[in-house]
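What follows is a short report on a single structure.
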Amino acid sequence: MKILISGFDPFGGENINPAYEAIKLLPDSVRGAEIVKMEMPTVFHLTAEVLEEKVREVDPDVILCIGQAGGRCGLTPERVAINVDDARIPDNNQQQPIDEKIKKDGPAAYFSSLPIKAMVEKMREANVPSSVSNSAGTFVCNHIMYQVLYMIDKNFQGKTGGFIHCPFIPEQVIDKPNQPSMSLADIVKGLKAGIEAIIERDGQEDIKEMGGAIH
Amino acid sequence: MKILISGFDPFGGENINPAYEAIKLLPDSVRGAEIVKMEMPTVFHLTAEVLEEKVREVDPDVILCIGQAGGRCGLTPERVAINVDDARIPDNNQQQPIDEKIKKDGPAAYFSSLPIKAMVEKMREANVPSSVSNSAGTFVCNHIMYQVLYMIDKNFQGKTGGFIHCPFIPEQVIDKPNQPSMSLADIVKGLKAGIEAIIERDGQEDIKEMGGAIH
Amino acid sequence: MKILISGFDPFGGENINPAYEAIKLLPDSVRGAEIVKMEMPTVFHLTAEVLEEKVREVDPDVILCIGQAGGRCGLTPERVAINVDDARIPDNNQQQPIDEKIKKDGPAAYFSSLPIKAMVEKMREANVPSSVSNSAGTFVCNHIMYQVLYMIDKNFQGKTGGFIHCPFIPEQVIDKPNQPSMSLADIVKGLKAGIEAIIERDGQEDIKEMGGAIH
Amino acid sequence: MKILISGFDPFGGENINPAYEAIKLLPDSVRGAEIVKMEMPTVFHLTAEVLEEKVREVDPDVILCIGQAGGRCGLTPERVAINVDDARIPDNNQQQPIDEKIKKDGPAAYFSSLPIKAMVEKMREANVPSSVSNSAGTFVCNHIMYQVLYMIDKNFQGKTGGFIHCPFIPEQVIDKPNQPSMSLADIVKGLKAGIEAIIERDGQEDIKEMGGAIH
């Protein structure tokens, strides 16, 4: 099994992106699966081109993207990506689309094809706070998750894909009062646990564990 | 123009649901549009049956559903409904589905067909805190929004539909420390402003106003 | 009985201060007690001079100061004022003291001499969210509460005094995402309930109701 | 220099208290200062008796108490302790005092005699999120901080004392949605940095750094 794990570069005024920092610290192999790592630009559409090129080169079984969600307390596998870009801040190429479809011929949304409930369970067993998220936002994180699932749907049937958001790391919140963070070591541990869940559930349905939100 | 506005009954241990309390206080006519009011049960699937019956009876142009989102600070028109029930608490019939599709033959999601950005703008002009929400959760609120848009898609082409979440009202948070609330009068004022936006934008696209979320 | 109720003018970039807006809407008499209203400047030390002059003129039995605590969800009678100015932002005279004693010859702190638990109870009975606060901060609100209790201690024995923080009102949070607010009508209702509690408990100890904080 | 560092045992339904877990991992010597460690019971008054006995035995220069503040995002040196017990939950001996003075003959409050601003600065330099707290609550944490400063005032003039609150650690929030945490390693690193600041500022005033709160 081969897993392509991709993290964004820094955006929104940050000097680092904990997503890619964590990816760099992952082992090259987890339970026999090969881990291929890459950094993506935080730029609408360009990020998908860069990623698709890598997918063609590497031919992974799983495409797992990681992004930063400042303000969250735990790792959050995303349930769904929606077909809209609505940027609150400019991306790293100064684009700021408002209510534009990501793919004119795409469906309204794609559900993650990763076992998000099993991933959350495994992360928690590793003592890493985690929960399912029901919105990846409307910025580049949601964009790449949608693009990955779209490219799988159109061109790479058989592969699976999804997205995990991770919190700020402590050094990012030194000057941000009352902002939660998670140590880089715990993010790495949690991502590794999530990857293990993906490997374990390969070919099976996700587990049926409560993980919804009332609103 | 005829607008059917529907609010849930109380759930989750609450004695009242501010959604329906607010609806009862709306005028019967807004800018010449007729307002038809109803209460829906907080019960998966049954709520859609009850609503669809009313739609057939009333034949509204717009179907607007209202629900409670305890913990939110403002009125939040919902952008999207997703095809999944994942209940954190039982509904009012003791059903608690986990990761079940709402409609086997439905798409992953439906976007609101109401002008959510214009609604937010109008609510703010009325001095009622408001913002777009990118997730209606995975409980009965998301369920009915999905069902409404599904029934429009399948059986009532030409109608429009959507959902607005409203905060707790003050009397609900007396015993809940540090929970935001909004006065019933302001919820009513905000819903009225939202309805006005729906009427004003009738037949046009939504305005292009920033309203996304980074994550 | 005569109650002097004093509210700050706007500060921190706000155009209004809900504290004084609410005071203006209070009746001139509550349960037979005369209500005398005034506005105070949000300026360290000057605010105490202005208030003390009014106290000498009016000779009230009770001195109740009201200020804005943006971000809080309910009305919060303050338990204690501490002998320090530590300003995160400049006051309205561009003063920004860091860790300076308010009164060189004053004690470390004064407890409110108002019945804060009874006030909270009465506010809740009026359906206004309320709780005891254990810190009035270190800005001008804490400053005037300390000054009032110091001037009573030194020069006006027999009078009682204290402070209530109130939330933003809705129009202040239109452009502040995820900030709680309370309607001006509810702030007025809650202040009136608090004043009633002060009148009812006159000459008695406060009620023994749980209202502490773990940390 | 000798520093007695004391942490509470678990309370409030928790199996561990990160305060004492972190203390156990501190070195026995920091910059030449001897570190003496102890666990205190989370019991009103008894905890002070246990601590005072240890102070008589060890004769430390500094008494630093550490407690858990679930919900906080960073380490928070406390500025002030107030003379009141007002328990929201029972202590570990089932005592739940409401609005009782800690010491009948004590002042309303004591300010920390530790250099809290320098401690925060040093913690931040070590990349550990930290800020001054203006309220230690009204439970056993505030109680012991008050007791320490009272016993220094009455019986141990020349010693200094204070309190630091620390967040939950990740394993404590696995089942608590949306609760921030801090890794045990970072708590240890932050406490060590705080101790270094205490040693460095020995005999001097605290630094003048902004660290107040508006309310």
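So that you can tell them apart, the chains are marked A, B, C and D in the order they are listed, and the count of residues begins at 1 in each.
Everything that follows uses one rule, which is that a contact is a pair of C-beta atoms (placed from the backbone, for glycine too) under 8 Å apart; a residue touches a chain by one contact, two chains touch by 3 or more.
Chain by chain, the UniProt names read as follows: A, B, C, D = Pyrrolidone-carboxylate peptidase.
Everything numeric here is computed off the predicted structure, so don't read it as measured data.
How far, in degrees, do you have to turn subunit B to put its CA atoms on top of subunit C, rounded to the nearest 5?
180
Based on CA centres, what chain would you say lies at the far end from subunit A?
Greatest centre separation from subunit A goes to chain C.
Can you compute the centre-to-centre distance for subunit B and subunit C, using the mean CA position of each chain? Integer Å is fine.
38
So the centre of each chain is just the mean of its C-alpha atoms; given that, what is the distance between subunit A and subunit C in Å?
47
Counting only Cα atoms for the centres, state how far subunit A is from subunit B in Å.
Each chain reduced to its C-alpha mean, subunit A and subunit B end up 29 Å apart.
All pairs of touching chains?
Between chains, contact exists in these pairs: A-B, A-D, B-C, C-D.
Mind pulling up the subunit B residues that touch subunit C in the complex?
For subunit B paired with subunit C, touching residues are 73-74, 124, 127-129, 131, 170-171, 173-174, 177-183, 185-186.
With touch defined as at the start, can you tell me which subunit B residues reach subunit A in the complex?
12, 67-72, 79-80, 82, 84-89, 96, 98-99, 107-111, 117, 134-139, 141-142, 165, 206, 208-215
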